[in-house]
Every structure is written in C-alpha cells, then in structure tokens.
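A single structure is presented below for examination.
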Amino acid sequence: MSLSREEMAANVARDIPDGAYVNLGIGQPTTVADYLRPGSGVILHTENGMLGMGPPATGHEIDPDLTNAGKQPVTELPGASYFHHADSFAMMRGGHLDVCVMGAFQVSVTGDLANWSTGAPDAIPAVGGAMDLAIGAKQVFVMMTLFAKDGRPKLVPECTYPLTGRGCVSRVYTDVATFAIGAEGVRVVETFGISVEELISSLCIPLVSSPEI
Amino acid sequence: MSLSREEMAANVARDIPDGAYVNLGIGQPTTVADYLRPGSGVILHTENGMLGMGPPATGHEIDPDLTNAGKQPVTELPGASYFHHADSFAMMRGGHLDVCVMGAFQVSVTGDLANWSTGAPDAIPAVGGAMDLAIGAKQVFVMMTLFAKDGRPKLVPECTYPLTGRGCVSRVYTDVATFAIGAEGVRVVETFGISVEELISSLCIPLVSSPEI
Amino acid sequence: MTAVIMAAAEAVSVVKDGDTVLVGGFGMAGMPVELIDALIEHGAGDLTIVSNNAGNGDTGLAALLAAGRVRKVVCSFPRQSDSWVFDGLYRAGKIELEVVPQGNLAERMRAAGAGIGAFFSPTGVGTPLAEGKESRVIDGREYVLEYPIRGDVALIRAHVADRMGNLVYRKTARNFGPVMATAAAVTIAQVSRIVDIGALDPEAVVTPAIFVNRLVAVSAPAASSAPTAPAASSAPTAPAASSAPADRQEPA
Amino acid sequence: MTAVIMAAAEAVSVVKDGDTVLVGGFGMAGMPVELIDALIEHGAGDLTIVSNNAGNGDTGLAALLAAGRVRKVVCSFPRQSDSWVFDGLYRAGKIELEVVPQGNLAERMRAAGAGIGAFFSPTGVGTPLAEGKESRVIDGREYVLEYPIRGDVALIRAHVADRMGNLVYRKTARNFGPVMATAAAVTIAQVSRIVDIGALDPEAVVTPAIFVNRLVAVSAPAASSAPTAPAASSAPTAPAASSAPADRQEPA
C-alpha cells in the first residue's frame, strides 16, 4: 500500500535529528511538525523572522502579528526569538539550518529541485523563499508523490521545469518509496507497497538499493 | 591670534546642524562634544555600537561595558540604542551619519584625507574605523593644525601620506583658518590672526575667498 | 534629524510621481495600511512598489494597485489566494513585475542601507531568475551578482516608537520593516503608540532613530488588532482569519 | 542542536592547531577573557586570530600572543597604548598582521555568516589597503571586492544566555559578538549568567540560539565588573581605568 500524506510526513519527521533547527515549507511540509516526537527538541524556523515557532494558533491565541510563512496564525514557544527578514534569510542562506522540508514538481537524480514554476506561459511567477531555502539548508528533504496526476514520474533524469536550486536535495520522501541522493546517485532507502524492481521499471533513472531492502 | 584647540572644537561644533547624527573621532575631535549647544539635539554615534552616547563617565558611572571608540568610559543618554558592529558600520558606510569629525595628517585640495599612517617603514599599521567613516558620513569635517611641527602645510595639493579616503573632506577647521572644500576648490571661510594674502603665500594651493572675508 | 511626528496625509506627501516606494509587511502582518490609504488619497502615481507580496484582498497594497498608481511591482511572491487585484492587472498587461527570491529581496535592500555596491548571492544560481546576471565561482561555489534596491520612500509599520524615532516591532510583524528603514531616503513609520524618550530599553531597540524620518501614530491599525503594550502577549480582541490558505502553489 | 553548557576548558578543547579563531571584544569590552585563558591552558597553537585589536595589557588576547600560540592576527587596530605584547612580537618578526578597516572586518564576517560569496565595499578605495584587490565602478562610485572571513571557532562574551543558547549582551560590550557568532563553525559564548528557557524576551534576543554551540558561565568575568541583572544599570563595584588613553595615533 502506498503511503498517505500523513504517513509521508511521519517518515520525514522520523529522519529529523533531535535538536535540529528546521524550516518546514508551506503546504504539506508544514504537517511534518505534527509528527515530531515530543521532547525531540526540534526548533522550527519560519522565514518571516522567528525561531521557536509553535503549533497553529486557534481561538483566542490567534494574533495577526504572529504567522508562519504561509501566513497562517501560529504560536510562540518558550525560547523563541524574533528577527528581521535580512537576518532570517542570512540564517537560511548562511547554512545554519540543519534541515528544510519542501514540496516539489520534480527532483533530478543529481538533486536538482524544481518546485516554484511549471513554466506555463500564463502562470504568474512567484518564488517566495524557496530558492533561498534550497541552497541554504544543510539538508533539503523533499516530500512529494512519486508520480504526477498524469502518471509521469517526478523523480527524473533531468528537471524539465524551471529550477529552484541545483544539486541541493538529499532525501526524497514519496508515497511509494524514500530515496537518498548523494555522490553515488539515487539510493532506494525504503519502499511502500512496491518492489524495487517495480520502482526501477516505472522510473527512467538508475537506482541503487540499500542493503537492507 | 591663532586658535586654541578648544576654540577649533567650538568652531566645529558651531557648524554641526541641530539634530544631526554625528560621529566624533578619537582624540581632539572627541572634545567637540563639549561645545555643542545645550538643546541642540545632536545625537552622537560611536563605532563600537551605540547611538545616543553621553559625556565621559566619572566616578561611580564608570562601566567597563560602556565605552567610546577610544575605549574611554562614557555614559548613555535617554533615547540611546545599542547595536552590533556590522550594524554600526552599515550605519556609517550606508551614508546615514550627517557629520563625522576627524583629525588628519594631510588633506588635499580635492578633499582627499590622510590620517591613519605616515607611511613610516617601522610603524605598525592600524586603521580602525577611519576609512569607513571617511567614505560614509554625509559630511566629513577635519580638525587639525594647519601646519605640521616642521612648518609644512597639512592642506596640500596632493597627499603624500597613504590615503584614508578619496575626495571625502568637506570642511577643514584649523588654528589659523577654516576652509570649505567643494566643486569650486578650496574656499577660505574664516581666518584667525592671519590675512588671506598671508594664507595664500604660505600654502601652495589655489584658494578662493568667501565674499565676507 | 530625529523623527518628526505628523499625520499620515502629511507624512506621505513626500512621495512623488515615479518614486520607488518600499512597503513593509509579509502579507498583512506589518503592512502599513493607514499609510497606504493616505498615499492613495495623496494621489502620487507611476510608482514602483517593492514589497514581499503584491497585495492581499482589497485593502492596503491591493487598494493602491486597484487605484492604478503602480507601474511596477518588485516582490518575491505576487500570486496568492487573495491577490486578485494584482492578478487581474498583470494578466491585463497593466503592471510590470520583477520577481526576486525573498532572500535576495531582503539582502538587496540591506545592501542599499549598508553602502554595499553589489554582492555575490548564493540564491538563484542555475535558475531562470539568474538568467542574464553575472555569476562567479568563489571557493568552488557559484554565486550570482545582485545589486542594491533603494527606495525614495519606505512605508513601514512598527509597534512602538519613542519620540526620537527608535522603533520596536511585534512578533513576526517585524519582517521587512527594519531592513526597509535603512534602504530609503525617507522612512515613514506607522506605529501603534509613541512613547517618551527614555521609555524604550536601549538594548531592545530594533530600528535606531537614525533610520526613521517621520512617525505616524495609528492607535487602531486596520492591519492588526495587536495590543498596544510592548510586552503584552495577551490575546487580541478583533477577529482574524482563522484558516488563511497557503499562499504558495503547492507542488506536491 | 541547542547550546551545550560546559566548563571553559572543555568548551575550548574543540580548537585545533592551525585554526582560525574569531575573538570578540573591542578592547576589553566584550572580550572573553576566561575562554582565552582556557585556550592558553588547552595549548592549541599556530592560530590565526581575528579580532578588532591585537591585545591589551598582559591578559586576554595579549596573554595568548605572549604564549606564542598565534601565527597571524587579522584586525583593524593592533597599535594601542597598551599593546606592548603584540608590538614586540611584530617588530621581532614573530607574528603576521593583516590590517582590515573595521567596517570591512565586521562586514566580511557578516558575509561569512550570511552565505555571501563576496561583496563590493565602499571602504578603502584608493588606499594602500585596497592595493591588489579587484575594484569596480557601480553607479558612478568605486568599490573594492572583499571576501568573507570565516572562523573555525568563535570565542565571544555575552551578558545573559538562556539554556538554549539565546544571547543578550550588555551596552557596547555587544560589539563583534553577534557577528562572530554567525561566522564560525563552532561558537562558544562566555556569559555572566544562564537563565531558564523562556526567561529572555523573544523580542530582545540579539543572538538566536541557532548560532551558539557551547555556553560557559563565568560569574565574575575578569574583563568586566558589570552587574549581572540584564536590565540593571547601577554602578559596577570594581575599579576601572578612569582616564584610558586614546588608542589611535593622534594626527592633529
């Protein structure tokens, strides 16, 4: 059985080291926070100027001056700090975040990431902080379904969509398998309801398997 | 009669606009603060990370964590703010200070400033924040005796000492005259105990006089 | 000169046709809505607006765009669930757009404020947003050369100011305010409250007064229902969006 | 990882022979004297020290130099009235010196911490300190290209830390600390006091914990007789120089 979005988020959460400084991208990656082990000591960064971001705000906690990168109301944890945008992005771009988690349209076998534009001629371009996160975090985890709605694989020999960052992705968490991207190429770390042989035949890329699979 | 150092400092202070943000260099320029009109609203910047610096600290006010650029203990005025070194120098280099006042070995007719090194082979080079101040403040005022101890003029056709900054000085306050440096060249603003003719004959530079002299 | 306290209409009258105006805020958090309203009233047009987004809903920046006063928007993320005003103008070819990665946007304004002529940025390398830009490999890593973004005027929202113009902000409404304040020839700050000189802790001032030219007190800013006490963390009283939609295209 | 609290000796044991060590302080204000003492005890040598000055008197940085552990000093102002240790080593040809204008020194470390590959600086143009460096005219003004300064380790002194490593400083002892904390692979902060998580105001944190790896509590730092309460401004009790001489060559 392929994984639900929640199970994918749990897989990502499991690989985040205790005490790591982490930025969770807008949309699906935001849900990874729900699966962090209590007491993990993971500290969340939000690009709009905060470390120590807490869970979504509800009811009387909602404060329009306290939002995440998706502009949703959030809360503040003890030990939080606020800083301005240049400092926040210096933190990202300077390589201080341990992990960031983002969605993707495509990831290439060399870790190129495409997640901001489909290149459609009528689309309004918008990139936000994705390019800064992609090149800044020590590890970039991608969370996506392995196949697009039209069935085409999203883990590809080379990205056909406009790039967000080059050679930056180290792990890809999908509904049917988890991959590690490194010097040796793409390694299958785990599969879910699919064999490595089926994976190989459905993807047009070279794969190596972890010994334990 | 040529001016005392105190009178030179008073001349500089007189030309600092009310409410200006000002950096006073180490040594003689520091004394300009003593001659600012009470209520002038001038706000002093110190390169080591403070706006709103007050007078020197004495007795029980002395705090080793609160010093000026000369590492002398100072005080804090209401409305002060502290910031780190990169922010302090961004303030200087970004053109936000209205006036800085510095000493000089030489100033050229085009406003070049030499005040950090005599180029002596055995000297230990040291520049501090002088080069940043020279290029950063909206106006650079120099305060110096017009002649060196050996009698040579310090307002020169071209600096022979290593430069601190190019074309940055707008006013030169000396013991025998005050000069303005601008597009039209060097203008004598005021003289003290010396005639313009004597000035011209003792300096090897073209001078224009203010109409009022 | 320390900051001068004035009404919004007078404060924004410094904006001229054709100016580049830096507008604070990340979405509505930190957006100086009352200053923008005054700018609409003032009437200056042909503006270039530099802001993280291109307006939300029908107020603030969106209202300025709707009034036809903006020639060009420089931002990182124009397309949001509620950016219909910008979307319509853009699709009708009535507005120019320069998309800048958010970190480059912040750093380019920081460079303007800090006197940096240009800098080699790690962001955008190998992407369409670096096309045509100078690049260089330094210590084995490729960078793109980026230039400062300066404003004629910055409109920002802070929380509390003292009468000199020192500013503190509130939570993530801080965002672009401190950077924009350094990058504009004239910075106008809308604040919830103006206190006496000496009332702010010098260690906690975020924007020193040297960067602030004009102060406008707006006791109940439309963009925020934040309490006015600097240290307060109690709940705001006005309603707020309880489930703001994600503003990025979700690729997954 | 949030900061780990340890003794000075253990904290500085991360320094290896040949490392580049960023040392905070402007003169003695903000100088992490106890960390430097521990580093002398630790014994690592062949160090490159990046600091604003090159030591004062016979303690702190000066003691490290006197112990023969430093190959090179990168600073803006080595020559001071009480820099006899450095002066002697320099004149004896026993130490290298790179003089960097103070603003370039701060900005180059800031660039290292912010991921900037290089930047065009307005400072030093046309002076001997720009000789041999790439320059460029941008918008009619000349700039010099400056590169980041990275540290293997930063030794800084702050005032109060919480147990995560968030730091606040005290008055002008803040100086280079926040910048150096961002520019080193390992940042060690000496503080007067460590408080519980939540005890610092999130709006007033100057160095977020992400930049701090090791915390060392020194209840009575030798370099300062500052009171330990964060907001206190009462008089210190230890004597201090009442008429420190100017540290710059006075040209007038």
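A, B, C and D label the chains in the order they appear, each numbered from 1.
We take it that a residue touches a chain if its C-beta (ideal position, glycine included) is under 8 Å from a C-beta of that chain, and two chains touch if they have at least 3 such contacts.
As the structure is a prediction and not an experimental result, all values here were calculated from the model.
K.L.:
What's the minimum number of touch steps needed to get from chain B to chain C?
P.N.:
Counted as steps through touching chains, the separation is 1.
K.L.:
Quick check: how many Å separate the C-alpha centres of chain A and chain C?
P.N.:
Those two chain centres are 27 Å apart.
K.L.:
How many angstrom lie between the CA centroids of chain A and chain D, rounded to a whole number?
P.N.:
That gives a centre separation of 36 Å.
K.L.:
Need the CA-centroid distance for the pair chain C / chain D, whole Å please.
P.N.:
Chain centres of chain C and chain D, defined by C-alpha means, are spaced 33 Å apart.
K.L.:
Can you tell me which residues of chain C touch two or more of the remaining chains?
P.N.:
107, 110, 114-116, 121-122, 169-171, 203, 206
K.L.:
Scan chain A for residues touching two or more other chains and write them down.
P.N.:
Chain A, residues with two or more chain partners: 76, 82-83, 89-90, 92-93, 135-136.
K.L.:
Select the category (line, ring, star, complete, other) that matches the graph of chains linked by touching.
P.N.:
other
K.L.:
Return all touching chain pairs.
P.N.:
So, checking each combination of chains, I get A-C, A-D, B-C, B-D, C-D as the touching pairs.
K.L.:
Okay, in this complex, where on chain C does chain B touch?
P.N.:
1-2, 110, 112-116, 162-164, 166, 182, 197-198, 200, 202-203, 205, 208-211
K.L.:
Touching residues of chain A toward chain C in the complex: what are they?
P.N.:
25-28, 30, 46-50, 58, 60-67, 70-73, 76, 82-86, 88-90, 92-93, 103-105, 112, 115-117, 122-132, 135-136, 143-145, 162-166
K.L.:
Considering only the defined contacts, which chain B positions touch chain C in the complex?
P.N.:
Chain B reaches chain C through residues 19-21, 41, 43, 45, 50-52, 76, 78-83, 89-97, 135-136.
K.L.:
Can you list the residues on chain D that touch chain C in the complex?
P.N.:
107, 111, 114-122, 136, 138-139, 141, 143, 147, 168-171, 201, 203-204, 206, 230-231
K.L.:
Name, in rising order, each residue of chain C that touches chain A in their complex.
P.N.:
Listed in rising order, the residues of chain C that touch chain A are 26-30, 52, 76-80, 86-87, 90-91, 97, 99-107, 109-110, 121-129, 169-179, 206, 223-226, 233, 235-236, 240-252.
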